[in-house]
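Could you have a look at this structure, given as structure tokens, before my questions?
For clarity, chains are labelled A, B, C and D in written order, and residue numbers in each chain start from 1.
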Amino acid sequence: MDRSQIVAGIDSGHVDTKAVVMSGGKVLGYASAPTRLDPATAAGTALNGALADAGMSQSELAGIVSTGIFRDVLESPALHVTATVSEHMADARGALFSNQKARTVVDLGGNVHKIIRFDGAGNLVDVAQNDKCADGLGIFLSTAAHSLGLSEPELSELALGSTGSHAIAIQCSLSAQTDATDLVCQGIAAADVARAALGYVVERVASLCRSMPLAEEVVVAGGLAQSAALVGQLRTALGVHLSLPERPQYVGAIGAAVRGQP
Amino acid sequence: MYQLKVWGAFKDYQKNRYRDYLFAPGGLRVTGSTWSVLSPLKGLGEDVYILGGEPHSASAAGTLPEEGRLDLAAAESAGLGFHSCSYLKLFVGEIVRDRIAITDGTNKEGYVRPDLVWTTHLCTQHSKWYQEVSRRLGGVPMYAIDMIGGGNAEKDAKIVKYVSDQLDEGIRWLERVTGREFSDERFARAARNEIKVLVLWGNICALNMHAPAPLDERRLIALFPPAMVDRTTDECVRLYESLLAEVKQMVAANESVVPEQRFRVVYFGLAHTYGHPETSRILRDAGAEIVASIYTFGTTGNFKGFTGKTWSWQPIDPAWVDGLDLSTRRKTIEALAKIVLGWPTWQGVRSYWAIEEMAKAMVAEYKADGLLLAPTRSCETDFRNGYIAMQRIFRDSIPTAEYDTDQVDVRKMDLPGSKRKTELFVQLMEARQRRGQG
Amino acid sequence: MPPKTARAIIEYFRGVTEDPHAYARSLQQKGQRVAGYMCTHVPEEVLYAAGIVPVRIITAHTPQAISRSYIHETYCSFSHDCAYQGLEHKYDYLDLVVTASSCIHMSEAFNVWVRFAGFQTKSYLIPYPHIMQTKPARGFMVESFAEFKQFIESFAGRAITDADLEAAIGVYNRNRRLLKQLWDLLKLERPPISGPDLATVTLAAQVMDKAECNRLLEQLVHKLAGKQGRAPAGVRVMATGGACDHTGVLDLIERLSYPATLVFVDSCTAARYFWFEVPEGRPDKLDAIAEGYLSRIPCPAKDVVPGTGEKERFRFVQQFIEEYRPDAVVCLYQRFCSPQPMDVVALKPILEKLGIPSTDLELDTTIPLAQFGTQLEALLEITQRMAPGG
Amino acid sequence: MISAGIDVGAVSTKAVILVDGEPRASAQTPTLGPEASAAAAFDTALARAGLRREDVRCVVATGRGRARVSFATRTVTEIAGAAAGAVRIWGPSVRTVLDAGGESCRVIHCTERGRATSFLWNDKCAAGIGRSLETLAGMINVDVTGIGELALRAGESPRLSDFCAVYALSELLDLVRSKVPAEQLVAAYHDAMARRISTLVGRAGVTKSFVIVGGLARNAGIVNRVDALLKVDRLAAKPDWDPVFTVALGAAVFAEGFSR
């Protein structure tokens, strides 16, 4: 495939499905849709959104590359996937696309979070992924925001303003939510609870990062990376510069589309 | 594909020990951890039937998984801790449901009550397991031996004396509580068999250092239960002597049960997550075979062990066992105490440096290409933190992968995660091999 | 300026529990050597006889996921918290860290300090019986203590004489008697000191130089003598179970919307620490120490009576129930602990037979105080037989 | 005689107005801040009953946030509330009450007069079962009450871990890879959570008669499965009574007693 051809990348994740349309190393259009346990439909919706954003139609696509946990189940009549790539590989390539000096990507997905180390050509060196108890950090954050009557961006905003030092449990989302709820019932301010909730996510991700040496530069990707408060707290916890792409949630999809081109 | 000739005899021996416990008329029924010294029980007579806690729970749940699941739920509904040992919950679950299942598929209504509990205390859960059994069955007499453990324990005079004194006390207790006369002659004979089986198993495991390895972890873990269930009988010694002979022939003829061994893998973990269909397919397709495993080797096996602080998995010469002086009860007891304290598992549980040395020796002596670690969720021991520390030791030398799993409770296993990690593990071994050749 | 009133003394002790590091460093500034210990089975008298002050490692209750990449997920919060403080170099100033082989979780916390937190050359693990009630346990302990004494003599660069040991035994027994004397006050109709305050004093005693602690305890006993506290209001509550260095949990029991009085705490952070004495004036000092430590209330991880499998601790629990007359019992257990829940499930039928309501609090690094408050208040409602419609 | 009970639960706040022993009006709002949520629920219930705060002789707060309700005359725990409320609605034969709320599950034993005699609180690994069903409903764009119906219709469904809500959801999401339809996944999730709840009830022990109250009592998917697992006859839900208000009603019953 020559570089000027138009390729779509679809990152079909546990919680959200992200699609991008790219050509000549540029993102022409992007869109996302909640997976809702039906990856094929969500992929179609996201792809159509990205095409509309790029002002193009599916017929102009030279290929569709899928990645993400549900990459193998996107075969519905309308969607002709030409290639699939593992989410680790897609994250590596997507991180390199946004920053050539990147050698590690911290992917904060809706359900699982992982750290991927790779070389300059995007070949995998090592991967670490959270254990079962730490599943669902993204789902936890949306639940925590809902329990405070906030959207996720509002929770992130509120947390920025807090200087509280309340801490909540970090074994899993249930323990964290139990303690967060308890703080609310003890009359602790919502901003402090919001900060504590982000603190749980940051602490778990930071812990995973400590189990594997991080090679500079470190890109942070995934839906949760859209929260400035969270990325800020993570940067402090890791004590390392985090390179934040413009649209962190699309790093996987971009990696798939780039993977589609030589 | 090579078929082991002794396979049927091994399965029958295991099955018959369990059937004896369930159905043999009269006799003395004893339960407890099979990590205990078993030969003192045989000083009470030949009609002593042993139900070992861990192998029974593991094999019953393996044979009838649905019953196992109901046992876990019953134990938890009866108040046992949600994070308590899964084997404990399976065992007590059968008591709560008043039924018992064994490896030949028998699913018997009505629990078979032990006359006494003879057990040990390695992890802090062990004797608590049988305190719960004794309490729920209305107060079964129970004797637990504190094994202390730790690196080079069998060379530490005060530890050998402490364990031997407890065995001495224990034998007098056995006589009192059963009203039977203890025969030192039968005890010495059973003890020599017990030690011989442990040494033979070490020899069989050591043959896997050969390339290709004659056996793989799946066969090894199926061949060591007879040593767990009752290693004190002449029949058991003959079983392991015949297995050793057959495996020696396999090595001589370069035969293997898994001929395609592109990658030699060392496995550390109580849980057989490698055996889960999806995970094992990935390993098999890549030609990655598990040739050595600390749990399977170390649970009922003895090896050369430590010289100073360096470990070796080389075997002990079986002839040494025949030369052992077991002429008095105390000499027999001390020989048994030393052999059990020498088990890799006892030494590794209480000394982190011991488990690390064993790991380094296993990777070296078995020429491993990869290290699979399976810290199990609801086993207090299982060197879990040792496995986590090993990530750091081996991460840069050979590919390692760590499963997030449980010994038998499927609810606590991260099977999707294990599958993903196995795929990655194979990719990393292949990449290393390419770099090696490149 | 030494604290004057009883309240000032109690607050001084509280200060020590809130910042044990400041206290330990103040000892070092006076030229004292300080050794941390992670488990109360460590024979502190041997350290004290060599002029080394033992201080207990207590947890900071700050959740840190860092310890998860060193200690497995399903280990108790006490072990995670201890491990974390080593990894974060909070206790680097210690001259030595010691533990006695007890439950696997605490052994692993110790291992993390030795492997990864720089205590490789300044640590010692004392082989210790895992079952207290066997006859051979005593001989094994004496041999093990002898080896420990040799190590401490070479570490401290001085011999430990029998006189040193006898003096240390005297100071420690004095400390135990004073604490017991204070806890006996809770049997009175109107005790001059509250249970939560006494639990804080007892926790502080575990991180202090015993000579200094004895002086303060003597003043406290003196100031409280003959004093009448407020009548013990409402329900008499006893806590029993695992280690609990959350003074907040015990304080909560007397800050509920129904009156309640904490009358006793059976835990290694409270009664199990001092409810025994080492026989004095014995020729073989180490044997005397072994005899004393074997007479302690058994820790749930080490409690198996040979022959019957009975749990000896439950005899002590029933003795405390007779002496302190609690109306309700709170079972404390560490989340993910193996031995403690096995004791809770075995203790429940005994409490039911005695007609004493109980509830279990699942301790963790962070605890849901509002939920615990609800559980405790429900326990009080049940104990007072509070019915709708009066 | 007018009394009120306000149950400031971890997830939602419920208020009930009792007039001469009969529930006159009730209201439910999400628990954002305890004080504000209590006031909102109370004022809505008052409006529905056509009453003013001054008309109410005694207000009793219950639930995890009860201590923060400034305008409450007294407080009782939700354990006492559940016992009193269940007996007031289902009568004196009630002995075991399962209060399955958004955040925690409690099993309460009581006397024929609605006095609690013992209780069991869920362990931390069984927390948030109610809330996790709300999250699952949100993920498939179904409202909370509908998800129970969805679970009823599905036939045979795969087995998910019933150790905790996080494990169950993690395994559910993974089954999507093998194209298991959403209804079966939702049904499997209900199976798992019902098993965990039944284990808690088993630990506490069940003596007849048995009722289920709290938010999850509205979820037929959970209730039917718990019935099947426990095999103990449960008193059916009262047609005109929403079980989520039972604890608040219990608090109002206590308020009646306190004001006499």
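Annotations for the structure displayed:
Heads up, the rule we're going with is that a residue touches a chain if its C-beta (ideal position, glycine included) is under 8 Å from a C-beta of that chain, and two chains touch if they have at least 3 such contacts.
In this text, all values refer to a predicted model and were calculated from it rather than measured experimentally.
Under the touch definition stated at the top, subunit B and subunit C share these contacting partners: A, D.
Chains that touch both subunit A and subunit B are the following: C, D.
More C-beta pairs in contact connect the chains of A-D than those of the other pair, out of A-C and A-D. Inter-chain spacing, taken between the CA centroids of subunit A and subunit C, is 46 Å. Subunit A and subunit D have Cα centroids lying 35 Å from one another.
Chain geometry summary: the mean Cα position of subunit B and that of subunit D are 47 Å apart.
Rounded to whole angstrom, the centroid-to-centroid distance between subunit C and subunit D, based on C-alpha atoms, equals 39 Å.
Residue positions of subunit B touching 2 or more other chains: 78-79, 412, 414. Under the contact definition stated at the top, the residues of subunit D that touch 2 or more other chains are 64-65, 104, 123-125, 167, 170, 174, 177.
Of all residues in subunit C, those touching 2 or more other chains are 69, 73, 335, 364, 370-371, listed in ascending order.
If you sketch which chains touch which, every chain touches every other chain without exception.
Taken in their complex, subunit A has these residues touching subunit D: 14-15, 34-39, 69-70, 72-73, 111, 132-133, 135-136, 139, 142-143, 146-149, 169, 171-175, 177-178, 181-182, 184-187, 190.
Those residues of subunit D that touch subunit A in the complex are listed here as 8, 10-11, 30-35, 64-65, 68, 103-104, 124-125, 127-128, 131-132, 134-135, 138-141, 164-167, 169-170, 172-174, 176-177, 179, 182, 185.
Residues of subunit B that touch subunit A in their complex: 391, 395, 404, 412-414, 417, 420-421, 423-424, 427-428, 431.
Those residues of subunit D whose C-beta lies close enough to touch subunit B in the complex are 123, 125-126, 161-163, 167, 170-171, 174, 177, 195, 198-199, 202-203.
Residues of subunit A touching subunit C in their complex: 131, 133, 167-171, 175, 178-179, 181-182, 185-186, 200, 203-204, 206-208, 210-211.
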